[in-house]
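By letter and in written order, the chains are A, B, C, D, E and F; residue numbering begins at 1 in each of them.
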Amino acid sequence: MAPDFRRWIIEAYGEIYGRPHLDKKEQALIVILSLVTQGAHTQLATHIKRGMNAGLTKEQVEECIIQCLPYNGFPRVQQALTILKEIIEE
Amino acid sequence: MAPDFRRWIIEAYGEIYGRPHLDKKEQALIVILSLVTQGAHTQLATHIKRGMNAGLTKEQVEECIIQCLPYNGFPRVQQALTILKEIIEE
Amino acid sequence: MAPDFRRWIIEAYGEIYGRPHLDKKEQALIVILSLVTQGAHTQLATHIKRGMNAGLTKEQVEECIIQCLPYNGFPRVQQALTILKEIIEE
Amino acid sequence: MAPDFRRWIIEAYGEIYGRPHLDKKEQALIVILSLVTQGAHTQLATHIKRGMNAGLTKEQVEECIIQCLPYNGFPRVQQALTILKEIIEE
Amino acid sequence: MAPDFRRWIIEAYGEIYGRPHLDKKEQALIVILSLVTQGAHTQLATHIKRGMNAGLTKEQVEECIIQCLPYNGFPRVQQALTILKEIIEE
Amino acid sequence: MAPDFRRWIIEAYGEIYGRPHLDKKEQALIVILSLVTQGAHTQLATHIKRGMNAGLTKEQVEECIIQCLPYNGFPRVQQALTILKEIIEE
């Protein structure tokens, strides 16, 4: 279903992630921050794992999420930290 | 008005920005990404300027905003790039 | 519980859906687009089914969701397509 | 333009504000909190003035907005306090 | 994990909830309204229970949620009423 | 500035708007509904004008915006109708 959609994801990922300005870890952090801020928790686990595979440490992900606290408020940050905790405990 | 609110901003800034894990430029980028994603354009200009004073280049800010495109959609990214453009042209 | 709330839903549905300007399929698509964009996934399945009962095809729903991609971003569109897929496979 | 829309506003206001459970000041505070939280700043000034005409003090409005801070984050609260300040200084 | 985050929650709760201007029930209602409006359903149950422990009645919580309807729209209000219903039936 | 961003807009527009399933008017309505729902008022005027150039009538745009009312709430719908009114009066 939706083969165009799948193609776009691949193209967008290829194009965006292939840009030379940021390394894989920085790119992953940016996506994580966008997902945390918009409350897109369903996709968050996937992107945290991707970032950690690219070399992000648990502390770096946690620190970035916490840094959003004064701007995003407790609910979105708390839920993101819960998801991070589940990933680490897996 | 609202002296408690002003005190909390100062305390929150002091506490959050005083954490040792991220440098000033990384902290500024995180705030910028949160503001872009939630569409908080009124505060965005202030924080882009703060980040650039801390050493962020125009290209780094631009790159981070563009990196959000597939996740945030055009409207928020386009408005953020417009604000960045106005700051650079000032 | 909340009988006023139930009455309002019935009245609002009756009034809004009784308007002559749009047919049942167009009305369903508008609701689907609103729910996809605000990430109201809990209500989305109900309204997709309603729309398909009113004559919308799977392709029309899918096409409308995909059309939002550049404006809503991947997370909300991806989650909506997942919900659509579950309905079709039922 | 949109006479139905105007009628609905009047009916909704009549029905919702005519409910006996909350007094006018409590009703105004609820609307203010909804508008602050969703960042609907265009309508906020109108509803703050309405609430103050119904008897809310500047301190009560301010206190309610500040109470949202840990949940809504700085950007929305800061913008709401700016709007409140402009109303008081008028 | 994230001991700073836990400390901030305790400090924020202590500071915000210790303010003399609003009583415990009013404070709980404000948090509930923020969570309903931003769709933070994961935290909503906890805060509804806290409010009811502080003396809020089921009717007061329900009334506040319903009062948001014209401003928040059906999806968020409907989901909040479902959560309230589950708490009452427990 | 941001030539990649401009290229992506052109490509995305070309690809998405070139799909055969929906006509130009339907495509414009979908974008309008996404922008109204996410409160992206800055881009809304441009897309309403585009839709009217493609053949949408004022009544069709108005009807679609009003149809969102029970799902989006008054603030976003009211602001969208104000923008539509300004375009018609130009």
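One rule holds in what follows: a residue touches a chain if its C-beta (ideal position, glycine included) is under 8 Å from a C-beta of that chain, and two chains touch if they have at least 3 such contacts.
If you're wondering where the values come from, they're calculated on a predicted model, not measured in any experiment.
Undergrad: Is the C-beta contact count larger for A-C or for E-F?
TA: By the number of C-beta pairs in contact, the winner is A-C.
Undergrad: Which one, D-F, D-E or E-F, has the same contacts as B-C for more than half of its contact pairs?
TA: E-F
Undergrad: Quick check for the class: compute each chain's Cα centroid; which one is farthest from the centroid of chain F?
TA: E
Undergrad: Which chain lies the greatest distance away from chain B when centres are computed from Cα atoms alone?
TA: Taking each chain's C-alpha mean as its centre, the farthest from chain B is C.
Undergrad: Between chain B and chain D, tell me the centre distance in angstrom, where each centre is the average of that chain's C-alpha atoms.
TA: 28
Undergrad: Just how far, in Å, is the C-alpha centre of chain D from the one of chain A?
TA: That gives a centre separation of 35 Å.
Undergrad: What positions in chain F touch 2 or more of the other chains?
TA: 4, 8, 12, 19, 35, 38-40, 66, 69-75
Undergrad: Which stretch or stretches of chain D touch chain A in the complex?
TA: Within the complex, chain D contacts chain A at residues 69-75.
Undergrad: Over in the complex, which chain F residues touch chain B? Could you list them?
TA: 1-2, 4-5, 8-9, 12, 35, 38-40, 42-43
Undergrad: Hey, which residues of chain D end up touching chain E in the complex?
TA: By the definition above, chain D touches chain E via 12-13, 16, 19, 21-22, 27, 30-31, 33-35, 37-38, 40, 59-60, 63-64, 66-72.
Undergrad: Give every residue of chain B touching chain F within the complex, in rising order.
TA: On the chain B side, the touching residues are 39, 62, 66, 69, 73-79, 81, 84-85, 88.
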